[in-house]
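Consider the two complexes below, in which chain A is the common component and chain B and chain C are the respective partners.
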Partner chain A sequence: MLEARAISFRFGASGRTVLDDASIAIAPGEIVGLSGPSGIGKSTLGRILAQHVRPDSGRVVIDGRPVAAGGFHPVQFLAQSPILAVNPRWRVGRILAEASPPDEETRAALGIRPDWDQRYPHELSGGELQRVAIARALAPGLRYLVADEISAMLDAVTQVRIWTFLRRLAAERSIGILAVSHDAALLARICDRREAMGSGRPVPCAAEPLRARAAS
Partner chain B sequence: MTLAAHHGETARRLNGRATAAILAASGLAIVLGVLVAAGLLGQTGIRADFAARLLPPSLAHPFGTDPMGRDMLARTIKGLAVSLKVGLLAASFSVVIATALALAAATLGRGADAVVSFLVDATMGLPHLVLLILISFALGGGTTAVIIAVAVTHWPRLTRILRAEILQLRHAEYVTVSRRFGRSWWFVARHHFLPHLVPQMLVGLVLMFPHAILHEAGLTFLGFGLEPSLPAIGILLSESMRYLTAGRWWLGLFPGLSLLLVVLCFDAIGNGLRTLTDPRASQE
Partner chain C sequence: MTLLEIDSLSLHFRRYDRLFRHVEVEALGAISLALEAGEVLAVVGASGSGKSLLAHAILGILPKNAVLRGSLWFDGRPLDGTAQAALCGRRIGLVPQSVSYLDPLARNGDQLRWAALRAGRSQRDATRLAQPALQAMGLDPAIARDFPHSLSGGMARRLAMAIATIGEADLILADEPTNGLDPDNAARVLDRLAGFARRGKGVMLITHDLVGALPYADRVAILDGGRLIDVEPASAFSGRGDGLRSAYARALWRALPQNDFSLPEALHHA
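Entry: the complex of A and B
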């Protein structure tokens, strides 16, 4: 279980408080949706979970213990624009192998063609690069993924392809996923459980996800 | 325009990378040519011939002769070779020092950063001609002393630039991602920072090179530098000063122009390498 406990965060010493006593929990294999208006702190909470950002107070724990420093971090963060998350001077083949080279099955499932390996990031489209960024994060040590609006700028076909893959990943490798999105319809389709950000902390969503309703 | 015609035109025209590579290669060829020619010349241009004093440019002496009857073309080529060696070595050592200190400052923590910043400020606070003279004098003069003196006084400015560049890069998303993949700062420094710094390093080298040659000339002029028997460009230029007013223009013009040509070659090499190392230029 990945948990954020009583997280507070503000930008700068006198900045606006973005997160105030925020807590969220994600179980292995569970897909949790997080929605809310722009600028309310969804991405910040995601970055804190993956320890890209240090909170002012509060703790992030996995199975009750803090994550050890150094080594592959079990929580990986996927950003909305993958172009900033890859070194522009590296070729795609090297980018893919930075944590550990993805296996053929993963490459095939995400449609990553072998000839991309010789290209630079700016020579791929946004959707293609997003699939590269996902494949790169799926190293053996991965246990949780924070997907921050990863499909917001992609066409419908690519969106379906990515989320079908991630749903299967969650089920097969029991990887917990926090899906951050504005898109209520998308979250309703893919999530087991939904939370909405409001006044500094996530609160469980009143509306039951479509998936759960369909299953019952 | 038909597709075939368009294709023919693009095939005839060289792309940006090829042009850059050709320019850089020609610059390098000229620089290497000067070094090789100077090696082949041997004693020519050192021996005096008082029957041929101060001759203007002619077919026998394209650059004229100096007050001791030595061929100026041979002396200019030898001078360029000496200046190139000194300038290149001094500037390269400086760039290596600057890169190592900047990487240390940015990756080894606040303590290392404070030490490097202090060293930069301290070195820049001292008048560097005095420092140059002291170091060169302490090392007993000569080519090695000049190279060391110029190298250890010229790294601070580039260190500042590189350090600022890395500090910006430290907060890049892909650096954070690399760290969360379990990569060490040492790995990040070598594989993420260093390739990014190459263009700055090349520009630093190109800008430092003429500076190094001028300091070499200055030190030599003051008597703390190279042996006066070496025909460095700086020595040739200062020697020519006395004769320019007497109308012996070739003594200053040709060594000066050749120095300009070498600096332009470095510019071409620097620009070419920058284009070739920039991934965004891969399709130009």
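Entry: the complex of A and C
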């Protein structure tokens, strides 16, 4: 179980309080949706879970224990814009192998073609590079993923492809996933349960009825 | 009346491969598309599909290493470099993707008046037009005295729309006008854009959000990887999408989480 306990966070010493006594828990193999208006702290909570950002107070623990420093972090963060999360001067092959080279099965499942290895990140499309970023995160030590709006800028076909893969990953390898998105219809499709950010902390929320505006 | 005609337009970027050898990388391939006065044409595609480049090609604001082939026609005349310089900001208005296109050091009202002056209005007209232009976008005229940083994302987007249209543009290019807006503000912006079309102007709505654009669009052009896949009537995106002609458009429609959230077998490993 990945837990954030009583997290508080503000930007700068006198800045706006973004998180106030926020707690969230993600069980192995569970996909938890996190929604809320922009600027409310969804991504910040995700970054704190992956320990990219240190909270002002509160703790992040896995199975009750803090994560040991150094090495591959068992919580990996996937960003909306993968181009900002890769070294622009590395070729894709080197990026993929950064933690541990993905096996052929993973590459095939994500549709990562061998000829991409020689390319630079900007020579792939957004959807292609997002699949590379996912493959990079899937090293053997992975236990939890924070997926921050990973398909918001992608077309619906690519979105289905990525989430079909991630749902299978959650089920087969018991990887817990926090899916951050403002797309209620997407969260209703992929999540086991949902939380919504409101005034500094996530609270459980009921599923909303889903219906395409155009189709209704 | 055909306002804008795009005739087998292709766009390449010239890039140095080695020291003196250059290669051309295709960004847009042979796109033909017409936009009628009075319609909202949605141009839908994922990031990297080339939809912003299409708008920039129409406006003539591509980077220097861009190689453009094919032709553009506006209101029956060739839209070349000279015509672009004469028409953009006047008969062709751009609602930019990012609110950072607003000048942070200039008051909102001044930016609006400058746009009117650029469009050939007199000083007096520009001042006279500013207030109704803000009101038409549902903005409080008092914000004219403020600076852009005090506007919310939705207000800034509506100010950008007022700037783009104060010169009475006939063609409005809106590049991701709802990006980062909550559903209420997005609806307000799209409703204003559709209003321009109802008054006889042509609107090109560039967006990655197919579902959000459908209630406002007349036709939908689908771009993927720099190619125009198909142009479909917006009304065909309903039910199971059986009215859609292209297989890709049908796959895109059915893949939406509001619909099937699944792919046809042929696309699974493409």
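Simple rule for what comes next: the second predicted complex is superposed on the first by the 207 of 216 C-alpha atoms of A that agree within 3 Å, B and C clash if a C-alpha of one lies under 4 Å from a C-alpha of the other, contacts with A are read in each partner's own complex, and residues count from 1 in each chain.
Simple rule for what comes next: a contact is a pair of C-beta atoms (placed from the backbone, for glycine too) under 8 Å apart; a residue touches a chain by one contact, two chains touch by 3 or more.
The model shown is predicted, which means the values in this text are computed figures rather than measured ones.
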item: First, second, both or neither for A:R189, with chain B first and chain C second; value: second
item: Contacts of A:M153 with chain B and chain C, given as first, second, both or neither; value: second
item: Partner chain(s) touched by A:A99 [first = chain B, second = chain C, both, neither]; value: first
item: Which of chain B and chain C A:R89 touches, first, second, both or neither; value: first
item: Partner chain in contact with A:G71 - chain B first, chain C second, else both or neither; value: first
item: Dominant toucher of chain A (residue count), chain B or chain C; value: C
item: Which superposed partner A:G127 touches (first chain B, second chain C, both, neither); value: second
item: Intersection of the chain A residues that touch chain B with those that touch chain C; value: none
item: Residues of chain A touching chain B in the complex; value: 50-52, 70-73, 76-77, 79, 84-89, 98-99, 120, 122-123, 139
item: Complex contacts: residues of chain C adjacent to chain A; value: 45-49, 180, 182, 208, 210-212, 214-215, 224-225, 234, 237-239, 248, 251-253, 255-259, 261-263, 267-270
item: Chain B - residues contacting chain A, complex; value: 172-174, 176-178, 180-183, 191-192, 195-196, 277, 279-280, 282-283
item: Residues of chain A that touch chain C when the two form their complex; value: 37-38, 111, 125-127, 153-161, 163-164, 183, 185-186, 188-190, 210-215
